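Presented sequentially are two complexes of chain A, the first with chain B as partner and the second with chain C.
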Partner chain A sequence: MIAPRQRRDALMSRGLQLGFLLALILLWYFATASGRINPVLLPNPLTVWHNLVQVLRSGEYWPDLQVTLSEIAVAFAISCVNGLLLGYLISRSQYLIAVFEPLLAGIYSIPMILFLPLFVLFFGLGSWSKIALGAVISFFPIALNTIAGFGYVDRILIRSARSMGASNAQLLRYVLLPAALPVVLTGLRIGFTVTVLAVFGSETIASFAGLGHRIAQLADAMETARMFAYIAFAVVIAAVLNALMAVVESRARRQ
Partner chain B sequence: MSAYNPWRALQREFACRLWLVRLIVIAGLLAWWEIAARYWVDPQFLSPPSRVLLSLPSLFGTKGVPAALWITLWELTLAFVIAAAIGLALGLAIGLSQLPRRSFVPIILLLYGTPQITILPLFVLYFGIGPASKIAFGVSHGIFPIIVTVVAGVQNIKPILVVAARAMGASRWQVFRWVIFPHMIPSFFVGLRLGMAGVLLGVLLAELYVSSAGIGYFTQMFTESFDPTKLLGLISLLAVMAITCNGLLRRAELHFQRWRVN
Partner chain C sequence: MATAREVAIRIKDVSHQFGEPGDMRFARALQQTSLDIMRGEMICLIGPSGCGKSTLLNAIGGLMRPTAGTVEVGGKPMRGPLPREIAFVFQESALFPWCTVIENVELGMVFQGVARGERADRARKSLEAVGLKEFMSHYPDQLSGGMRQRAALARALSLQTGILLMDEPFGALDEQTRMILGEDLSVLLARAAKTIVFVTHSLGEAVFLADRVAVFSARPGTVKAIIEVDEPHPRKPAFVTTDKFAQLRNKLYGLLHDEIRKAAELAVAAEPAP
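Let's look at the complex of A and B:
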């Protein structure tokens, strides 16, 4: 009795989702097709689609995408090295954890985007200010999760490995690493998402190049249809990056 | 019995007073910054913390800066209140019954996961460069975590409690007021805290993006005129504002959770 009812419920919610989406797009289409809405404010979905196809065909997105991706990669690499190293070193002593964990968590609660003007002053409007912001913002979740992962491994596990004569390297390889890995990976994933956001954000606010810069520039030029196309492109890129990261994470988790 | 060991005593002292050690760490960093800024780094780029602190009065004397800070505080407050109210209402509407929950929660999670920064220029295009665009962007950042946590909080209530209240003749409103609402408070406050982080991010992003007025105008001006003293002063004041907002919320959370302890 219950199974068909559940299936019907699931079907109904799928239908509601589809209907909602369809209604939204239809509303968008008819509102703009009627000509009462200024196309600069809200372009027609078909125009946006043509623009998107044009952008993808011509490959004009490539230089901006390259800048954005390289900034994300460099920033994430820097914060990985710093966050994992510092987090691991702090996690080696309960005392250091007690001192530094609340300190790092406290600093992390400040919206770090505030430091962007400072980085622009230090490094200029080019890529390095974006890399600096991305590296600083993502350092904190990575370091905090590394501390949480390595710092709170069950003491009995460590002691029994020690009593069976494990060396430092063996302890790290066979006890600490497997125990800490899930938490550390979560930190890396959060850090990556935050890096992507920081790079997009700082490109939008002040830069010469990159997807965020392109969107802001098209907004200034009032080329709204093109801007919508680029927004869709950027959202898809971010989603693909996050999905890739999730795949890497689940691979690493299974080992 | 061991003899009195001053090193040991000092160690114990530090072990008990962790905040003291943290304070020393912070003081050390500030001292390092002070020395670096005074002797090594070009004063066009970095200014020592002592000078930043001393220049705060002249920062407040700069025409337009106090107004910009006040407006930002207002934007934060208003955006947070709007996000909390709409988030709570939508969260309850979605969470309290089965069908909307299953249909809309995936949509909301999807929206929550998209990088909203990409549509910031759109907000400025629609709402102008004034406070409206900043409030709207703050709300759009703050509302999703609130909705998600309210839905989760409503979902986690034991059905038996609702059934029992019903059986004892409680009306729908009474069930909500005396059963659902108190149980929702903890997760609601988690949502509010995440929402506050989102509101801070959204409002400050929009403030920095609009460089023709408000905070963004001044940060750009101080950056272009290589005035790190005033830039650092302004950034510190905004950071203090953010810390205060988070702290007040933490206070409110403790206040409203007292009933659980008793």
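Let's look at the complex of A and C:
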């Protein structure tokens, strides 16, 4: 139960957050409405809004959205399978953990987007270079959290289950899985966020299609109002995807 | 107590070492330990830290194999956990934090292979016995340390094994909670008629609970002396105030003191040079 006072405080902070965003947009509006800022550099928010409505009405975003979403989906699916499988296998041996955990953590700290040119060389300018980059980047947080989840289950819980006669399958189902789940889920969520970032980022840098590609193209053509409209659209898409992921995660946690 | 009783657990010349000689972590935990534990008795193992009492308990429970020697349970050599005959209560309550108290108790029976219909009933009864009837739907982290150990005890009791191994079950609790749990345990176990091996650091706890107290020497540990406590179960709280209790406790203290000194000196000697 949340006390009424706490609820009021929560409402207050939500209101403040909203007010802050509103103030930013107002500031944006008045700065551009005065005409002293070049509209090519920073268009008026109303112009952006009209462009956004146009983009949504015409449905011209659809082919790019499809490309981006399928890249994210395929990349995330690949890194889930690889990360969960390899992470679990590594977690089965203290020796393998000692070898691979620092190694993976070290590689993860490299800004992988630097390898995009290499991925483009290998896989071309099409979707596959984005998928490869997304799958490689998100593999690390998923694998590392899977190792942490399964590798550091409290030994006393395992001993206790064994003493009561738990078989290997029972140990996995009733002890290892529930113990590892929160940490693994966190890894999946981070992995997903990273996939979305990698796909959008690499589309913006070098690609044939996708929302990122469209945004870069509009910037090149100096159609800044349209570009802002697409950015706003991409932000909403990313927010929706993360919200969906959060729902899936909280469902899994409750079980 | 009765004389010609059956041996429940026979420990014969058990030695155990961790690692190989020359290893950094090499340690001889147990040396040539022999002990017969009778059916239905409550025996306490007491000794300085690192003397191998917990190691011995794990060997009895089949959670590890000693380097040398044999452990027989019910006349058969030990090869691995015997969940139908032996239940454990560990120092940290080894309850699963994602299960409620009653789910924890039932899960033990799932592992042990008890039929579904029987589980809930047995779980409820054992939780009632330890006084946790009102807390069956709580999660372990909503309970106090003492209540968690009661839940762990309920789980062990619900398994209906002949043997109960307790590894410093009250070690992490404060003195008062310990005292109450000890009294309740004495009542419970007098009713349950189990063979119990109880590892403890507390002299008072050992004398209060045990039929026999086995005193271990410093590492590598072995049974140095056995003290009988001839007092019927369930033990009354007033037993603590009697001369008999004080004498037994002092005798134990005398036996232990030298060993604890020796263990402390060993620990200092083992410390790496700065």
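We take it that the second predicted complex is superposed on the first by the 232 of 255 C-alpha atoms of A that agree within 3 Å, B and C clash if a C-alpha of one lies under 4 Å from a C-alpha of the other, contacts with A are read in each partner's own complex, and residues count from 1 in each chain.
We take it that a contact is a pair of C-beta atoms (placed from the backbone, for glycine too) under 8 Å apart; a residue touches a chain by one contact, two chains touch by 3 or more.
All figures in this text were calculated on a predicted structure; none of them were measured in a lab.
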After superposition on the shared chain, which partner residues are touched by A:Phe20: those of chain B (first), chain C (second), both, or neither?
first
A:Ala179 in the overlay: touching chain B, chain C, both, or neither? Say first, second, both or neither.
second
Report for A:Ala98: first if it touches chain B alone, second if chain C alone, otherwise both or neither.
first
Once chain A of both complexes is superposed, is A:Trp49 in touch with chain B (first), chain C (second), both, or neither?
neither
In the superposed arrangement, which partner chain does A:Trp128 touch: chain B (first), chain C (second), both, or neither?
neither
Given the touch rule stated above, what does A:Trp28 touch, chain B (first), chain C (second), both, or neither?
neither
Counting touched residues of chain A, say whether chain B or chain C comes out ahead.
B
Mind working out whether A:Arg159 is in touch with chain B, chain C, both or neither, as first, second, both or neither?
second
In the complex of these two chains, what residues of chain A are touching chain B?
9-10, 12-14, 16-17, 20, 41, 95, 98-100, 102-103, 109-111, 113-118, 120-122, 196-197, 200-201, 204-206, 211-212, 215-216, 218-220, 222, 224, 227, 231, 234-235, 238-239, 242
In their shared complex, at which residues does chain C touch chain A?
61-63, 81, 83-84, 86-88, 90, 92, 94, 96, 98, 107-108, 110-113, 159
Taking the touch rule as given, give the residues of chain A at its contact with chain C in the complex, in rising order.
156-157, 159-167, 170, 174-175, 178-179
Which positions of chain B touch chain A when the two form their complex?
15, 18, 21-22, 25-26, 45-46, 98-100, 102-104, 106-107, 113-115, 117-122, 124-126, 197, 200-201, 204-205, 208-209, 211, 216, 219-220, 222-223, 226, 228, 231-232, 235, 238-239, 242-243, 246
